[in-house]
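Take a look at the structure set out below.
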Amino acid sequence: MGDVVTVVTVDAFGAWLRQFAATIHDNAAMLTDLDSAIGDADHGSNMDRGMKAVVAALDATEFETADALFKKVGMTLVSTVGGASGPLYGTFFLRLGSSLQGADEISAPELGAALRAGVQGIVARGKAEVGDKTMVDALMPALDAYDAAVGEGVATALGAAAKAAAEGRDSTTPLVARKGRASYLGERSAGHQDPGATSTTMLLESAAAALS
Amino acid sequence: MGDVVTVVTVDAFGAWLRQFAATIHDNAAMLTDLDSAIGDADHGSNMDRGMKAVVAALDATEFETADALFKKVGMTLVSTVGGASGPLYGTFFLRLGSSLQGADEISAPELGAALRAGVQGIVARGKAEVGDKTMVDALMPALDAYDAAVGEGVATALGAAAKAAAEGRDSTTPLVARKGRASYLGERSAGHQDPGATSTTMLLESAAAALS
Amino acid sequence: MKKLINAPADVVQEALLGFEAAHSDRVRIDHDNKVIYRKDAPKQGKVGLISGGGSGHEPMHGGFVGMGMLDAACAGEVFTSPVPDQMMAATKEVDGGAGVLHIVKNYTGDVMNFEMAAEMAAADSGIEVLSVVTDDDVAVQDSLYTAGRRGVGVTVLLEKIVGAAAEQGRSLNDVADLAKRVNDLGRSMGMALTSCTVPAAGKPTFELGENEMELGIGIHGEPGRKRLPLASAKEIASMLVDPIVGDLPYGQGDSVIAFVNGMGGTPLLELYVMYNEVAQLLEKAGITVARSLVGSYITSLEMAGCSVTLLKADDELVSLWDAPVNTPGLRWGA
Amino acid sequence: MKKLINAPADVVQEALLGFEAAHSDRVRIDHDNKVIYRKDAPKQGKVGLISGGGSGHEPMHGGFVGMGMLDAACAGEVFTSPVPDQMMAATKEVDGGAGVLHIVKNYTGDVMNFEMAAEMAAADSGIEVLSVVTDDDVAVQDSLYTAGRRGVGVTVLLEKIVGAAAEQGRSLNDVADLAKRVNDLGRSMGMALTSCTVPAAGKPTFELGENEMELGIGIHGEPGRKRLPLASAKEIASMLVDPIVGDLPYGQGDSVIAFVNGMGGTPLLELYVMYNEVAQLLEKAGITVARSLVGSYITSLEMAGCSVTLLKADDELVSLWDAPVNTPGLRWGA
């Protein structure tokens, strides 16, 4: 058994983002396929373009604080992704950064609070509720699962969050979309997994893998 | 054995044209297919539109002389077909008419001379020679075969003409086109039967069938 | 994928280079920000008009930059809304002291990115920015709980009409009110005979059988509300016009600007066949066509299909429609 | 067959009805003869300009009827040249006492039908008729023993330029000489990514694999000179520009009107990508682009693909190009 990880460093966050970027790149075609069915066939290329820019930013700068790191990530995504996912992912990271302001080693509860702030940013921007068939369907349950396991350390809490996100992602399949582009399909949106919920699940899975 | 037909009446010419119209109609798709390979996919519909108009003209008027009949047919084709085949078929019938001016019962040699005048009209208008992969490749040998058999009466002469036309039509397949739309294909025109030679063969086959 | 392109990732950038080469008499381009500017922007004292959206809808929006229409258009990746940095840059560049109007099509991505840009512009520069969101697509049910209707064909007519008003020197509030009025008076509906292929995706967004069509599509190659058996131009015209006319509603005695739009892969010959049907339906309904527009102006890459837009038009709107315009995509009187 | 049409046999007639409904401010149509007239034809003292050809090439020719361009366009069936009766009727109708010029694309059918019309007009009415035959397609080898080169993209540029000259009141001989000069100075070449479907035929004229293209096509959906593996926009631009430049030839210091034309199913986005490549090739060759035209102006139904036309242009030609024109298909300065 590994150690219980209790604090996360800026470097570890960098590793998380690189891992997420790699996962997105490997799954870009799959994400775009999901978006073809109920959207406009660009979610994979949008996220891939954005995360490539994030990796370039990581390569170019040494970040001293989590705050500075996540603000840069958020701004980079806002500036390069576009579409719905650009402002949503961008806001998530900007809020994550604000929430971690000042801290350099982040505890499990601090990380939990930061993730919640990030997701609240997404909700404030996109006004989606659980059940609307969006990334919020993966993110909300993930927050709750994280909080329930927060006492067991970052690794366990993120593992629980990733598992809950995956379940939330799967739960989008039967839903009729009420937000985003899929809502234009009405009843025809049912039976397809939401691309944004799929990529946010990867975000949490990358975190669980990189921050343990 | 039937009688040797030695004279042709205006009514018989009408029957020829109706038979040709029916054959064209039944083979319109095939003619258009041939024109798809080396042209612009309209020879069948062009000829069908024209011959329908000819039949309508035949239905509307009682023609006293072959002259009047063929002039009307020629003008109708010129006015309704368009493309290359409109002026060519139109000229053919206009010249046929002029050549038969005054006559009401037409002998085998008179018909042969008229057909030759018609084909000369096509050559004058289109400037194609035998071997250019056009309707002229079917028509020229047909005239010669007709003349060779003219002593045996109209039916036999037309039968020989139709047979020669079919051979001429088949001879177009290996040729590289030098006239008409197929010439734009250069070497790629070889290996395809010419649509105009195919429809003119039907013209002579209809004549052989209707005028016997 | 059969397209006249080089690498899929370079399509937008290269198309902008080509656009600039072809139209440098009327536009200039900031290639870093992918913004097309009217050559003489900013016009002092004139409200600046900015629009933008994903690429793949050409001539919209870049083709509508010029005298009497837009001051700037921000080009996103194919079918992906542009990012706030682009609208920010454009807002600063076109402001001639009279404020800037953002013309935004109602898609979640477009709305959020323009919103962020407006927030940033307000914080950053103090330029007065108002926004109008177009949402004219009757294929989508409007509701407080959903993303609402899409912005489609009316956007083209709005950019022309509002562009003329801005050119006359009207105030930002006036121009924004007019824009909302135009949006409220317009309705659209579209259909597709084929899907289209996003260059980066490399294959058609959806598959459609040889005897099928999609009704109620948008402009991003997405499937529509319903898949139906292929129908005649006459039937399709009814399927598009009836829901539009019933929605606003339009009726006996109304006067409209009628717009039959091609989706990108449909030739003009067919659009005129469609317009013939649409004109007959309107005549039967007692609706007068004051002006018409037939052509491919708001497209979905190479999708085959069409949309119909009707805009209820009083004398003011018609005279603004008739005012001179000089853009690569729409030009008259100049 | 996926098309926005009713019965295939009615396509041309219905499209003309739609065209008339959309453009009755500028044109009128003789539906019996399928001739589109400039609304104010005949113009006394002006040479009458007539063109025509098969339908399926829209906006050519009907879309080019109006002030500064054609006086009449005769519409044939799809891809089938019109018949002499149409040109006869048009010739009589547009003659304003200064004679009539027939603008004919070099296809056997078009040439023969226009020839018959000119013969009939001479015999019948004594109207002075001259003809110019366009034959600018370098894909086809010119020879005394063949049908010669096809008339393609130059026809559009010629109708604009010669239309401006006629509008200035030049004589029939002058206008005809100018037309011949324009034809002699222009060259074109085209390619297709897909075939097209003639409505009456109901299926694609030729089959093309997913990784193939046709080089050296005309505008009637016919296959080209060569079938090649799919290539990039950059490579395709060279395949089109090099034979054109080598043929006339065009060289260092020459000034041209450059025209990148879509075949009907290719969206504007791709045409701008192509124009970017073409502009770069011309720059490398030291050829200056005096004016450009990018869009689908001479089409082959819904075929995807493009053609490039270059016209060597001196000051006179450029100023005639710039002169006002007001047609449904091309409009500026009016």
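Letters A, B, C and D mark the chains as written, and numbering starts fresh at 1 in each.
The criterion applied here is as follows: contacts are C-beta pairs under 8 Å (C-beta built on N, C-alpha and C of every residue); 3 or more make two chains touch, one makes a residue touch a chain.
Model, not experiment: these values are computed from the prediction.
Q: Which neighbours does chain A have in common with chain B?
A: Per touch definition, common to chain A and chain B: zero chains.
Q: Quick one: point me to the chain whose Cα centre is farthest from that of chain A.
A: B
Q: Can you work out the whole-Å distance between the CA centroids of chain A and chain D?
A: So the centre of chain A lies 55 Å away from the centre of chain D.
Q: State, to the nearest whole Å, the distance from the C-alpha centre of chain B to the C-alpha centre of chain D.
A: The separation of the two C-alpha centroids amounts to 32 Å.
Q: Report, in whole Å, the distance between the mean C-alpha point of chain C and the mean C-alpha point of chain D.
A: Centre-to-centre distance between chain C and chain D: 29 Å.
Q: At which residue positions does chain D touch at least two other chains?
A: 78
Q: Can you list the chain A residues in contact with two or more other chains?
A: Nothing qualifies.
Q: In graph terms, nodes being chains and edges touches, is this line, ring, star, complete or other?
A: line
Q: Pull out all the chain pairs that touch, please.
A: Chains touch in the following pairs: A-C, B-D, C-D.
Q: So in the complex, the part of chain A that touches chain C is made up of which residues?
A: Per the stated touch rule, the residues are 32, 36-42, 44-46, 49, 78-88, 125-126, 178-181, 183-186, 188.
Q: Going by the contact rule set out above, which residues of chain C touch chain D in the complex?
A: 2-6, 11, 14-19, 21-22, 55-56, 58-59, 63, 78, 193-194, 210, 213, 230, 232-234, 236, 264-277, 279, 289, 292, 294, 296, 299, 301-302, 304-306, 326, 331-334
Q: Spell out the part of chain D that touches chain B in their complex, as residue ranges.
A: 54, 76-85, 107-109, 112-113, 115-116, 139-141, 145-147, 150, 198, 200-201, 205-206, 218, 220-226
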